[in-house]
Amino acid sequence: MLEVAIIGASGYTGGELLRFLDVHSEVEVVAATSRQYADTPIRKVHPHLHDLDLKFSNKSPSDLDVDLAFTATPHGASMNIVPELVEKGVKVVDLSGDYRFDDIDIYEKWYGLKHTNPLEAVYGLPEMYRDKIKGADLVANPGCYVTGAILAGIPLVKEGLVDTIIADSKSGVSGAGINPTPATHYPNIGDNVVPYAVTNHRHMPEIQEKLAKYGDVRVSFTPHLVPVIRGIITTLHCFPLKDVTPNDVLEMYKEQYKDEPFVRVLDVGEIPRTSSVRGSNFCHIGCFEMDENGRLVVISAIDNLVKGASGVAIHNMNLMCGFPETMTLDGVGLHP
Amino acid sequence: MLEVAIIGASGYTGGELLRFLDVHSEVEVVAATSRQYADTPIRKVHPHLHDLDLKFSNKSPSDLDVDLAFTATPHGASMNIVPELVEKGVKVVDLSGDYRFDDIDIYEKWYGLKHTNPLEAVYGLPEMYRDKIKGADLVANPGCYVTGAILAGIPLVKEGLVDTIIADSKSGVSGAGINPTPATHYPNIGDNVVPYAVTNHRHMPEIQEKLAKYGDVRVSFTPHLVPVIRGIITTLHCFPLKDVTPNDVLEMYKEQYKDEPFVRVLDVGEIPRTSSVRGSNFCHIGCFEMDENGRLVVISAIDNLVKGASGVAIHNMNLMCGFPETMTLDGVGLHP
Amino acid sequence: MLEVAIIGASGYTGGELLRFLDVHSEVEVVAATSRQYADTPIRKVHPHLHDLDLKFSNKSPSDLDVDLAFTATPHGASMNIVPELVEKGVKVVDLSGDYRFDDIDIYEKWYGLKHTNPLEAVYGLPEMYRDKIKGADLVANPGCYVTGAILAGIPLVKEGLVDTIIADSKSGVSGAGINPTPATHYPNIGDNVVPYAVTNHRHMPEIQEKLAKYGDVRVSFTPHLVPVIRGIITTLHCFPLKDVTPNDVLEMYKEQYKDEPFVRVLDVGEIPRTSSVRGSNFCHIGCFEMDENGRLVVISAIDNLVKGASGVAIHNMNLMCGFPETMTLDGVGLHP
Amino acid sequence: MLEVAIIGASGYTGGELLRFLDVHSEVEVVAATSRQYADTPIRKVHPHLHDLDLKFSNKSPSDLDVDLAFTATPHGASMNIVPELVEKGVKVVDLSGDYRFDDIDIYEKWYGLKHTNPLEAVYGLPEMYRDKIKGADLVANPGCYVTGAILAGIPLVKEGLVDTIIADSKSGVSGAGINPTPATHYPNIGDNVVPYAVTNHRHMPEIQEKLAKYGDVRVSFTPHLVPVIRGIITTLHCFPLKDVTPNDVLEMYKEQYKDEPFVRVLDVGEIPRTSSVRGSNFCHIGCFEMDENGRLVVISAIDNLVKGASGVAIHNMNLMCGFPETMTLDGVGLHP
């Protein structure tokens, strides 16, 4: 059994890691840390995990004797924890933004932090870097919007079809985390649509850096908060530079993702919607349509807490540890 | 492998049966019938079941050669299908109201139908009739509100603690089924609370008949529709006839349900909420509190589509067929 | 023009007071105080009040030279502000719980506070105390749940029809105020139903004290939070001690409220729902039905921020100052 | 008093027309027609209009003797009603799509109907055609998405700043009307985001035709349904052809709309959100931001039932009849 720790387990991503890992037959969660809730039973914070016989602990990373750790810690905190873990041979999947960027300057600019402990890390999107992840000691889990945008965008860039992409995202509120704020207060976001960070969200440079691995492209991104708990719809708008039909595009996507266990390319008439992937690790991509102006639309749907965070983190663990990729992650969405 | 048919598979209960049965290792779904959607791939109606390689069929019950059938057919339709199935040796779990009542007069009065084909059936609430279900050929699945109210009420009645119970329920909209109506139209029920059938809901006589198996009691019931997809909170209000403390009551419940795989009695400070059981077959019961007037409160939470419909149907199948009880049903709720 | 101050204007009740008073032809709001937002334009906090050319001020009550003040201050804070205002001749409508109770012991027990400045106040429910309010200098605005429960209960108690009432309420989240908490965090309450304070909510003794003015009765109360922004549905369950028909009860209510400008007694077939009164000062009461057990149901619907708080506060002001009762308050609900 | 009829008054736009006209001091609604609900009191269908002492009538247009009629009839039905009304001297505001287009071929192509009764009509967006509307006998009310997109786009096109606009809209469900469908069924759209008609919505050619009055531009449009009752957020993405700063753009908008009674240009730091305009006739426009790629974002918020339908219809009536423009329409949004 792989012994695993979740560092920062009291948030929503911690809860989702616990939900999946508790029934993973190759893994035992030996520590779930939380300073705030030390010695509190998990179920007081995550009420759906009623039978989980585990308490939050206040162990520091140096006291953790585990095979692998998920660091579900805030941006800026991970960089103070991860190096020590890696050094003593613990494999790490980091869910923060600290190790996502090749270019540290971009990180420092967009996160407003000095990066004190840069390390070599593999970017943890299996559809991009499956093989590298298999051999990695440190994997940097992608941002939630980033996963939805990249998976929808890869074939477009790879085939040289576009040089400009506009990604317009609609996100559920759980993406903001478990801590209440005015923006997440029910009366403020219930029955409402609220754009935010319309030209300066931190996930924009991450989408840009990763999609540019596939070709020259500039990506513009705008997120909106909608009264949904989980899920991100990312609508890509672009003007193909080559002469293609919607069907050509559909075929490109089918080819690109034909062996991917968690990406589903939808046929004509099928609509990506967040409920189809609610609670699951699947990404649905569809709506390959063009209008009279030559604009092409491609839309992806993911659950931001699963495919956008904890699910892909476990997918990465499965790859790093040689387990079957889909282990514990093969459940379908909860619709309705 | 047990060969199973789902008759009337295009509704929400059909979708949930398919979601659970598709990963049940002892079962193969060989037919999912729907007149409206004959020859349509399942995923066109249940978009989360994307990988299910099955189409709706238009087979009539007489053409079905299966070991067990779930009849997810409307009230009044089941009675025309079930007898033929039972006669030719197919085990049946009926999800309609047609076979729930001991007293056919009550059925006919409350459903406004003549019952043309009465049959001996076991009432399919495992917490009541586990042993009888094991040997049954025909099991009548309980109504969704009924399950929430009975599980919350059994210990009160069994111990002779009360002679009157008021059950005030708040239900998600999926309980109304997959067919759109003005009551389920988003602008009419979003951001709204709507009482309905406040003294004459069909589930009231069913709660009454079943709880009365445990002792003399009269039950009054009022449901409300709330802007929630899945889930029922049932708040029982009663005035104990005996001198008890909240803790006595809590202990009664713990004793009653200590071996039940799907009922969880919550400790002081834990609150039943629908999100804790969303998508799962669990029932949470809690809030054993008394006020200065001697009123006792007990509250249950279930997912109406799972513990209130398709989950308990599969639980019944597991019992009828000798499979482990919790097979395919052990997933926890999806919170948040 | 009546010069008015709103003390504590940055909350939801402050916003609603401003929305109604801004178009009240006899009133000028000369100060809207907020320590947190001093010198900030109102619209930064209440974005719908875009054209309101007013800033929050940090004036202390002693610096306010106004005719009337609304104290939308927290429980425990009002008692430190109100006496000074009253003493210098400012009429006051207090929206906190500090002056609601005849019996200070009850206040101190349920609010966990020592009351340092008791004063004579009129309880501000116009349907109870219209005439006293007209001559009052200090009016204590009722709790939101209390208004819904009392209006639904008065005729029952007054006619000696019942000695016990169970009030089961379902409330929108704005009742919890503008400050974010885990309970009001969208992912925690969206798509959810959460009972709370099931036998010990502070509004219970207030309902009890006020309804008992009409006759002997004991009231039990349980609130639930539902994913709604505004609105409270209060379902009264009771067993009439006299022989009455539902129609008798309906007629009692019609008689009781026939001259009330803001209470509407619904006919058979009309359903109280929160959307019917959303944003308005109306209270709808309906569902006068009885079941086979002799249980009677009566259900009220109000907007907790209007009839349950700011609307009735302005109604009280209109009465205190001799304005037409319905002035600025006659708008209907926003449905859908 | 202007005598007015609402033809097709049982839908949501009919309800909103009645809500505003009932308190319009220059107007009397003498007929509200509905075939389905003839002789039914209005409040049975529009429960918030409880005090409205009016029944639906089944009068045919030829029997209506009124000064002005609102035809809130479906596309294709209006063209059979409007000409007769106009001929006999009734002023008409038509809320359908039948008279919106200059180019009938476009109408016929996108609506799939033969237009049997073309007539000269003024396009009823006051911010475009105020003077023409004043003298018009027939005004064609704009589509809801169109209003949000045009108001956000006019300055961009008029100043020659762009030749391409992508409009990504998020709409509340009431835009789909009062008739229930699978798309509007609560369990299907609650907690969900659903793109639809991603490249072929009927409002696209209308946006295109109207914006092109201001300059050469091609507009691409994609709508999404979100779990909101009322409101549309339209996010415009474009790449300015000239060198401008966000502040330049903000100033252009302030200049364009400085005298408009219902358009508010938001300052830096203010965010358009649907709740700010909920139930009101205001349009908020804001978020004039640019990213590193030179993409400019402009976002508008309207209530689709008011500024997007019934409010602007009354605005048009006020202009056609010489009433003050803002009469009955000056209420602010209902937030929260």
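Note that the chains are named A, B, C and D in the order they appear, and that numbering of residues resets to 1 at the start of each chain.
Assume a residue touches a chain if its C-beta (ideal position, glycine included) is under 8 Å from a C-beta of that chain, and two chains touch if they have at least 3 such contacts.
Quick caveat, the model's predicted, so the values are computed rather than measured.
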Interface with more contacting C-beta pairs, comparing B-D to A-B: A-B
Farthest chain (mean CA position) relative to chain B: D
Mean-CA-position distance for chain C and chain B (Å): 38
Intercentroid distance (Cα basis), chain D paired with chain B, Å: 44
CA centroid of chain A to CA centroid of chain B, Å: 35
Per-residue multi-chain contacts in chain A, two or more chains: 12, 172, 174, 187, 190-191, 227-230, 271, 273, 275, 278, 336
Contacting residues of chain A [partner chain B, same complex]: 12, 15, 19, 22-23, 43-44, 46-51, 174, 190-191, 229-230, 264, 266, 269-271, 273, 275-280, 282, 284, 330-336
Residues of chain D touching chain B in the complex: 12, 172-174, 178-182, 184-187, 189-191, 227-230
List of chain B residues in touch with chain C within their complex: 164, 166, 168, 170, 172, 187-188, 190-196, 198-200, 204, 218-222, 224, 226-231, 233, 235, 237, 239, 271-275, 278, 287, 289-291, 293, 295, 297, 299, 301, 336
